[in-house]
Amino acid sequence: MSEAKPLGGRIFTLPFLFGVLILLIALFFLAKRFIYGLGPVTGMNDGFPWGLWIAFDVNVGTAFACGGYAMAILIYIFNKGEFSPLLKPAILTSMFGYILGGVSVGIDIGRYWQMYNIFLPKYMNIHSAMLEVALCIATYCLILVIEFSPAVLKRFKLKNIEQKLNRVLFVFVALGLLLPTMHQSSLGTLVVLAGSKLSPLWWTKLLPLLFLFSAILLGYAIVVFETSITSVAFHNQKELKLLNKISNIVVWLVPIFLIIRLQQVIAQGALDQIFQGDLIGNVFLMENILLIISLFFLVPSQNRKNPKTVFWGAFFVMLGTAMYRFNAYITGYSPAGGNWHYFPSTPEVMITLGIVTIEILGYLTLVKLFPVLALPTKKEKAA
Amino acid sequence: MQHNDFEKVKESLGGISRRDFIKFCSVVAAGMSLPLSAGKDIANAVTNPNRPPVIWLSGQGCTGCTESLLRPSTHFTLESLLLNLISLEYNETLNAGAGHQAENHKKKMVDKYTGKFVLVVEGAVPTKDGGIYCQIAGRPFQEILKETAEKAGAIIAIGSCASWGGLVKSDPNPTGAKGAPEVLKGKTVVTVPGCPPNPYNFLSTVAHYITYNKLPAIDQKGRPKFAYRRLIHEDCPRRPHFDAGRFAESFGDEGHQKGYCLYKLGCKGPVTYNNCSLKHFNDVGTWPVNTGAPCFGCSEEDVGFDIPKFREADLTKESIITPSATPAGIHYDQGSGFSAGAAALAGAAVGAAAGAGAVTVKHMKSNPNEDDE
Amino acid sequence: MEMKRRNFLKTALGGGLVLATGTAGANSASASTQEHMPPNAVGILYDSNLCIGCQACMTACKEANDMPPEFTGQQTTWDSPIDLSAKTLNVIKMHKQGKQLNFIKRQCMHCLEPACVNACPVSALQKDKRTGIVTYNKDACIGCRYCQIACPYNIPKFEWDKPFPQIQKCQLCDHLLKQGDYPACCSSCPTGASLFGPVKDLKKEAERRLHMKPGKAYEFPVNRVEKDKTVTHKAKNYVQHIYGAEELGGSQCMVLAGTDFQNLGLPDLRDRSYVSDLHDISKGLYKYMLYPVAAFAGLLYLVKRNEDKEDE
């Protein structure tokens, strides 16, 4: 196994500068948000108080950031050490994804200057699923930073601290397995409380389980997606073999997820709503069709040996699962009273794109500066 | 009220009966929201030979306020009532004497009743250039006012000009005209604004002071609450038309002829505190709105002589919470609609991801197992 | 999330037995309503049959709570909200059925099992232990708007157009109650449509109305349910249901009407609250934090063991 090394190379490439441009536009709208309030800048309203930022940036975004979690399950619980090279980049993506998910929350909440209230015992409401999500994610961000720190410490050659850290790392790894289990399922619990406002096509008391499932699914899918792109971009495709093995897991997870979902819909007597032709029925069909398409790519065993079909399979898993989580928060939600409409505004989407851009730019910068990817550097290849 | 005391004034009141006189005082009491029994107290006080006198100073005024006091005639000659009962010792319009004689009399009364007399101010006070734009007996009015106010028992500013500057103060205000309260800072000045105000508002205030030796309850601007606590809009007889959305759109149109609300013609009732809609004028129940003329807020500072007469009143100014005549329906479409820009951006992002994926796949080797780096 | 050491040891020992009783079954609706009813629960009984749509309650509410007029809809001359909002805590809405006009008053229902109270991570929304009023504390609030998602009636509204926003909702004029007064909407209602009082008395009054003969004249209390001030009305036909008595565990504000409640915009809700669903989930998973702690212990073991194997 080759060791992880900083990739080196220029940071300020053309794509990087394009990303900076997007970032600047996003920052402009962000300033507007803080000066004028949420109403003038977003499409959110009293009927749809949660919009793109919560439903996508936090809800889907942290699930995309479950790569580290998904890989940790494989490596540390099922003892599949061969996946180790995929762990560090997954942890890096996770770290960015979760921290930026937290930043998205900070941008979205109305009384952000009191955000620290969630840490104050006098205010904590232990019955609130939202509190669980907030504290758990906050703690997990810390864990991820600690898990990533060996790469930083290596680069700065802080051997002493590194050794001490490695001795207790297993505690943090264990936490890193427990915490996402808790908060990813709690993200599902959040919308259980929406009750009759959430269509029975999504609402079920098993929402925590389904959200946990979808988080793990998305974790694997994002690892495949990201590793494929970085491997090809940085000219070393050796790790694609590992991705094929991951697809063997995904191909089982998707049908189980679909079956549980369908069973719950039938149990609530809502099967006919799927084919009503309205928005809710149609997006339900779409999200499940996307997952079924992924199965077309993944079920045939020779497809799972081919990185191309593995990639597309993972891509459709990403789309379908992300859509599922988004729909459970927004599209399937009908507020009581009145005909409410929501569509994200352009500034709202720009800010989300800005956050995604930070993730991408940050990832690129850190893999170039720190030993994250186990790929030969350009120098070594030339040799 | 002593029988003798009433007899003394009976002559000058044009032979009014004692009963009618007490009735009149009861009406004055009711106008101030005092119990009817207070009428007797008022009758006693105003016929008391030891009642304090009134010194009436005139500044930059048109004397309309004095005139308005002389108008009510349905009861008896109020002129006589005022002059005799309220013991008006100095008023430039009504003085019997003139010149030095009048000024000396004023000085005598002021000195004799120091701390007890009622000072009434009519007209605004010019302050520019040392206040030379209004001088009486060779002295600036500003000076006279301040000097007299020091010795007064109570100060009442009658009319908008004396209350806050009125017409005189409107732009460009070349003389630096100000209302009496602004010139007499630190002193309690009761203001009875209006152009002119309803004479009963003034009369009742004075009667209250003479009867109870204290002023009626006043608001932050010094206006007696019994007359200026509510907006004209709150007691307007045309209010149902406002609530139901029936407006006169132009002078003489059908709505105007039917007596609909004059809000759209610029009526400032919604932003003016006064009791014109209740008390009316001239004892014959007439007031501007009644005649089809929109109120222009003559008694309200920053409204009268400031906001153009036919501009619609700002209903949010006094937080008028008038619900519309018809409640809202059950369901409405609310919230943001489809945004093409946002959809385009989101589509572009997903497209970019798919594109990156396609490029990646193109460069992939189908069987990485062959690779053995 | 804080656990005393003593509790942890206790529960660690008694673990298995406790786990068996994890998921609670559903209680019968009226039993749970009783167990959640605060001792001095007060509320509002709104009778749509008595309401004439005068909207005095809307004006009174605005003045009592210092709220500005709201100009939505086409009119800009009158306070004319089309719905509850950050500026309107109480609204009268109208349903037309041919020539028949039915009115409905919407404000916070002050539920017995408030979803918003359960939802709020920082306890900004709290249910008073004695009066049962659901109050809002902006000093705790972080503006996450989960309460808006949770409320089945869509009551909490947010100040979208302010850079420093807060949630707005009816608090049953709690500030007036503290001074010995009572909600402004009830004190200004001329017909007795909005009635304030202890919930049990309101329920009795509501039952009395459901048994009235349509067309016959009866005495109806005005402002407060104690019958010291009454008016006489001819009873109208009532839909035989007290809306809010059982819905989602019951609420302290209830509605009577002469037409289907859904015509008036009131959602059709089940008797069991979604808060109890959450309790089932959390009891199953988080009771005494047993599962998480056990899981953590297991994970520690697994990870350490696999790490050591790797080092060998």
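As written, the chain order gives the labels A, B and C, with residue 1 at the start of each chain.
We take it that contacts are C-beta pairs under 8 Å (C-beta built on N, C-alpha and C of every residue); 3 or more make two chains touch, one makes a residue touch a chain.
Being a predicted model, the structure only gives us computed values, none of them experimental.
**Student:** Skim through the chains and flag the pair connected by the most C-beta pairs in contact.
**Tutor:** Among the chain pairs, A-C has the highest number of C-beta contacts.
**Student:** Please flag the chain sitting at the greatest distance from subunit C, going by CA centroids.
**Tutor:** B
**Student:** Taking each chain's centre as the average of its Cα atoms, which is closest to the average over all protein Cα atoms shown?
**Tutor:** Checking distances from each chain centre to the full centroid gives C.
**Student:** Go ahead and note the Å separation of the Cα centroids belonging to subunit B and subunit C.
**Tutor:** 45
**Student:** What's the distance between the Cα centroids of subunit A and subunit B, rounded to whole Å?
**Tutor:** For subunit A versus subunit B, the centre distance works out to 65 Å.
**Student:** Calculate how many whole Å lie between the centre of subunit A and the centre of subunit C, each centre taken as the average of the chain's C-alpha atoms.
**Tutor:** Here subunit A and subunit C have centroids separated by 35 Å.
**Student:** Please list all residues of subunit A that touch 2 or more other chains.
**Tutor:** In subunit A, 44-47, 337-338 touch at least two other chains.
**Student:** Which subunit B residues reach two or more other chains?
**Tutor:** 331-332, 334
**Student:** Residues touching two or more other chains, restricted to subunit C: which are they?
**Tutor:** 83, 265
**Student:** Sort out for me which residues of subunit B touch subunit C in the complex.
**Tutor:** Result: residues 242-243, 245, 263, 315-316, 319-332, 334 of subunit B touch subunit C.
**Student:** Residue numbers of subunit B touching subunit A in their complex, please.
**Tutor:** Those residues of subunit B that touch subunit A are 331-339, 341-343, 345-346, 349-350, 354, 356-357, 359-361, 363-369, 371, 373.
**Student:** Show me the residue ranges of subunit C that touch subunit A in the complex, using the header's touch definition.
**Tutor:** Touching subunit A: residues 1-2, 83-86, 106, 115, 117-124, 138-146, 148-150, 152-154, 157-166, 248, 265, 267-270, 274-275, 277-278, 280-282, 285, 292, 295-296, 299-300, 302-304, 306-307, 309-310 of subunit C.
**Student:** Mind pulling up the subunit C residues that touch subunit B in the complex?
**Tutor:** It is residues 53, 55, 58-59, 62-63, 68-69, 73, 75, 77-83, 91-96, 103-104, 263-265 of subunit C that touch subunit B.
**Student:** For subunit A, which residues are in contact with subunit C within the complex?
**Tutor:** Against subunit C, subunit A makes touches at 34-40, 44-47, 49-50, 75-77, 79, 81, 105, 108-112, 114-115, 117-118, 120-121, 123-132, 134-135, 169-171, 173-175, 177-178, 181-182, 185, 189-197, 205, 208, 333, 335-338.
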